[in-house]
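What follows is one structure encoded as structure tokens, with my remarks underneath.
Each chain gets a letter, A, B, C and D, in the order it is written, and its residues are counted from 1.
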Amino acid sequence: MADNKGVMIFVEVIDGKLTNIAQELLGAGRKLANDLSEELSALIVGSGVANIAPEAIAYGADKIYVVDAPLLKDYRTDAYVAVVEKVVKQVNPRILLLGQTTIGRDLAPRAACRLITGAILDCIALDIDTATKQLLITKPVYGGNARAVYSMETLPQVATVRAKAMTALVPDSSRKGQVVIVDAGLDPAAIKTNVLQKVVAETTGIKLEDASVVVTGGRGIGGPEGFKQLEELAKVLKGAVGATRPPCDAGWAPDTIQIGLTGKIVSPYVYIAVAVSGASQHMAGCSGSKNIIAINRDAEAAIFKEARFGVVGDWKKIIPAFEAKVKELQSK
Amino acid sequence: MDFDYNDEQKMLKQGAREFFEKECPKSLVKQMMEDEKGNPPELWKKMSQLGWLGLIYPEKYGGGDGNMIDLIALEEEMGRACLPGPFLSTVLLSGLFILHNGSEEQKKEILPKIAGGQLILTLALTEQSDSYEASAVSVEAKAEKDDYIIDGTKLFVPDAQIADYIICIARTKKGDKPEDGLTAFLVDRKTPGITITLLKTLAGDKLCEVVFNKVKVSKKNIIGKLDQAWGPLQQTLQQVKIAQCAEMVGGAQRALELAADHAKKRIQFDRPIGSFPVIHHLIANAMMDVDACKFLTYEAAWKFSEGMPCAKEIAMAKAWTGEAYQRTAAMGHQVLGGIGYTLDGEMHLYFRRAKSGELTLGDGKFHREALAKELGM
Amino acid sequence: MLWAPGLLGGLTGGVQGPIIMQHGTPEQKKEWLPKIAAGAQFALGYTEPNAGTDLASLQIRAAKDGNDYILNGQKMFSTGAHNARYHWLAARTNPEMPKHKGVSMIIADLTAPGVTVTKLTTIAGDRTNEVFYDNVRVPQTNRIGPEGEGWNITRSALAAERGDLGTFPWPKILVDELIQYAKETKRNGKPLSEDPQIRQTLAQLSMDVSVLRLFGRRLNYMIEKNQDISWSAPFSKIFESELSQRIANQGMNIMGLYGQLEQGSKYAKLKGHIELAYLTMVVRSFGGGSNLRLRSDIATRGMGLPREPQLAMPVKK
Amino acid sequence: MNMIVCIKQVLDPEAPLSSFKIDPATNTMVPVTSVPFVISPFDEQAVEAALKIKDAKGGKITVISLGVNLLRDVVKKPLSLGADELILLEDPAFIGGDSWSTAYALAAAIKKVGQFDLIFCGRQAADSDSGQVGACIAEILGIPQVSVAKKVEAIDGKVKVDKVTTDGYEVVEVPTPALITVSNELGEVRFATFKGTMASKKKEPIIWKPADIGAEPAKIGAAGRRIKTRKLFQPVRDSKCEIIGGETDEDKAANLAKKLVEVKLI
């Protein structure tokens, strides 16, 4: 398929809005398209999503393909793969990018397999090899201990991109673009997946991904009571509480606040890591933080290698005293 | 003899490692050092459900039909985890003594309950004279109709504070030799006249003073033959020592790993301290020392499980392992410096246990002397 | 001498066969394996005046000339070279390459023109040799393994040698002799074996001998299973050489004044073995690679400790 | 209920970073003797998901793994937990593959097994972190998939899956046969009983070579790769951490608060 051209972004929409990751992907896609001197297109799939097109154009897309059908209301693998297959075969992009999200990680490998090409998931950097026009895809491997750079000869080159790895453009509502409506052409009988229920975990206070201060507890917190203490501190700092994987697995903290390779990716202004050793699997979820503050009693813990400020000591003594002092200073 | 465990034993060992990492973290170990009971009941129950408490017993007594090599594979991981609780006293000292010497009725009554985690037992042998020799047993049991009356004080009895039964080794006859005239009684701990005092120990393991003040025990509660407990008891102790060596092997191996890990991470003079030849030498010596422990223990266990004579091998394993574990943990403290000495650290747990392990069931000197006898000297 | 032939045998035999099996060409196997089987004597040629355990510093040159190499340089401590026919030699075939890369393994004929073997005597009275090469011609077909791979091949050879050194039976023989001696010898009217201190010492040495035996058997086990022995092979060598010294030293203490009598002397006990061992065994902690260096190897390879950083110093000319 | 679980043997991902080394010449990780091999943790959870269904409904669990030098004491673990059969695709031709060529071989083996209702995979392997093999197998076999499950329930010809999403979970239903990838949210995995471990001795693995599963040589292992590894490297960490001191932990805490206010972080 030597006539493959352009970069296509699979755009996710939540509650009628372009998601952050979609904005970031459009920013990254714009740059790649410029490097290739080719077009940047966006694929919007869903039910009642056509009105998103102008926003996607404002964020950098040249051409928008909209597949809008009631059957596409919920993400269902079989339906979405069929749609992606149809549009990609019609447009023949050189590159197809998706977000490393619940949808992207499910859709990308299956769609790539069907299109007889390869995919790389959870990338953090994308470049063009100018000699071959191939996409060079950087991805953390070995639980974040190493990075690999991959490429592929098959087209389109499919990749999913980790949240916050790319930067969105400043939206420009004066940008012009073309909108193409594509018929889903789905046979309802071929869709075997049913979404019975969606359960949203309750979150109190500030959403973890949006918080400018995150207080995270690790294995060393030792139990659910400790997380209550961290919540208090987070309240004082107007932030949110996160956790590494072990406390979530142990049930001390809900799964939805897990930060790391297999959890959420956050990049707050201040990240306070309490009794967190700094394993690569966890750092994969927070290394984008602007200022990491480590509190750990093991002076040799890896977290200190990533931190700007560190305190070596027992968090049980440090956290209450820290909270008290912060309150005192805030009241002045 | 194999220098490696077979696949299933490796699986048992790895599974035990993961289990203890999760269920027996060092915070629990430290808590149990302070705790009077010293045995977290949930952990004991889970070990029972995994079939570990009955591993070494035959299936007909609720056991797993495991052999000595299976047992030491598990013991290594218990040592690595610094497992608290009465495994040695209940499952090994008492359970094995009953298995090898008890009546069919006693075995059917007690062993399944040990395997099932419902009964805690201990064996009371040592006294104030601080010796594992037969001559050191002075607690007396005098016949009175269908009963015996036990009188005297046992010391350094492990886990007596939580035991349901105590197997008391008492003198029933003054024979020509001190080995003659000793009998094993299965005593309900709640029998009137028993007073138990918990002693404070180096490793936080639970050693007790058990005072028998005219304690009445039925003749039916004799385990094995009247007046002839000493020989069978020695055989059980031999088997227990092999298991205990394996526990120390696991601890020593972990102490070595902790030291090596620290040496790789700790930066001084702009390089990891592990790159200094002096640290290489400490670690290399400990590697050889720990391997020596392993192979001596494996050889003893193998000969035992093959039914071959192994008194020499057991003496060597116990003498070497006790001392080498202590050397290794002391080396660990040297490498870790101040961090190892804080109570937050783990090294001190191994350092404490190394010494208590060395002293329990006979130290290096005791076993070198035993070996000298075996060598015909 | 009880152990000296064993000592030499260990250094000269048993190493080459497995290496030729592993690295040799079919022709080389055909040529050398029958010769080794028939008892051809090899002397080892690793050490040089400026290269001890650090084989990478060796300087003996093997320059290509047609189908031959021309050897020039000197080897030291080549034990048995005065009796052996062949020299198992590490030589520098490419001086341009980094020091680990330019070394090849070559079998030289010690009777070839240009070879001079001169005697060196150790403090124990053992003979070892210096071997000088002056434009000695060796066919390139005598190179074992690829050119420049000598370092790797040598490492496996040294591992074999270090394991081999450890499997000797004589520490056990000596300890058994000492136990017998203690049982039979009375001091102040009591057998030595009743002295608690001596009982403890001999029991400990006897344990040590068991550990040595187990180290040797474990090594064989690992070789059979094709496991990496590079770090465990030295266990035997270190342990045995140091145990030998302990046996000799403590044996002397047990035997008291008699311990110092040489074999053949009036009143000498145990054929003077302990006296000879006392002198001989000191050598063993540095033969086949110094124990200090081996300990670093063990810790770095076996436990993954970092190596000591190399100082950037110019190689001596 | 016939179930198949795909597992991968990996170097222990919990091993300390200090034992992690890369050979830049071959772009591969250098195995260190002190780091053991284990079953990739998400794959263990996949085994657990299958065992839970077997507990509830009965059935047969066949475990498949692919590689060379697969350590029996590692890959036999599912047998000790209650799986029934172990198939090893053990041949040098199978290794060096990417997600696609690995999935191709596994799918071929699954076709040879024949009868199956559910296939379980871990959400991603702990070494490559690729996370695609499950989806590729499902695509090759033409069956539905559900990714990142935390709960799996089998109900007559259907499977109900709690699928983890960013802010909670979705309950998804698909007809069987289907493929499910399993995540750590499934919860704790069981430990083998002593009897289970010893019983696994009698279950010898079945070894299949490429020809046994009718795999085209050009599509398996390194030959079948679509993805090329250009480079593997370790990121450099060079942050300079300022350690806040103090007499006691409380002092350190107060000093930290002062410092953070001073540099306007809070």
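Methods note: contacts are C-beta pairs under 8 Å (C-beta built on N, C-alpha and C of every residue); 3 or more make two chains touch, one makes a residue touch a chain.
The model shown is predicted, which means the values in this text are computed figures rather than measured ones.
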Chain pair with more C-beta contacts, B-D versus C-D = B-D
Ask   = When the C-alpha atoms of subunit C and subunit D are each averaged to a single point, how far apart are the two points in Å?
value = 48
Request  = Please compute the C-alpha centroid of subunit B, do the same for subunit D, then give the distance between them in whole Å.
outcome  = 38
Request  = Go ahead and note the Å separation of the Cα centroids belonging to subunit B and subunit C.
outcome  = 42
Ask   = What is the distance, in whole Å, between the centres of subunit A and subunit B, each centre taken as the mean of its C-alpha atoms?
value = 53
Ask   = Tell me, which residues of subunit C touch at least two other chains?
value = 302-304
Ask   = When you check subunit D against every other chain, which residues touch at least two of them?
value = 18-19, 34, 188
Query = Which subunit A residues sit where two or more other chains touch them?
reply = 299, 314
Pairs of chains satisfying the touch condition = A-B, A-D, B-C, B-D, C-D
Message = Going by the contact rule set out above, which residues of subunit B touch subunit C in the complex?
response = 1-4, 256-257, 260, 263-264, 271-272, 274-277, 279-281, 283-285, 287-288, 291-292, 295-296, 299, 313, 316, 319-320, 365, 368-369, 371-372, 375-377
Touching residues (chain side subunit D, partner subunit A) in the complex = 13, 17, 20, 22, 27, 29, 98-100, 103, 123-124, 126-132, 134-136, 138-140, 144-148, 150, 160, 163-175, 183-185, 187-188, 226-235, 237, 239, 241-244, 248-250, 252-254, 256-261, 265-266
Remark   = The subunit A residues in contact with subunit D across the complex are 74, 77-78, 101-102, 105-106, 108-110, 112-114, 117-122, 136, 139-143, 145-154, 192-201, 203, 213, 237, 245, 248-249, 255-256, 261-262, 264, 269-270, 279-281, 291-295, 299, 302, 304-314, 317-322, 325-326, 329
Request  = Over in the complex, which subunit B residues touch subunit D? Could you list them?
outcome  = 7-8, 10-12, 14-15, 18-19, 22, 49-52, 55, 64-66, 70, 257, 260-261, 264-265
Ask   = Can you list the subunit C residues touching subunit B in their complex?
value = 179, 182-183, 193-194, 196, 199-200, 202-204, 206-207, 210-211, 214-215, 217-218, 221-222, 225, 232, 235, 238-239, 292, 294-296, 298-300, 302-309
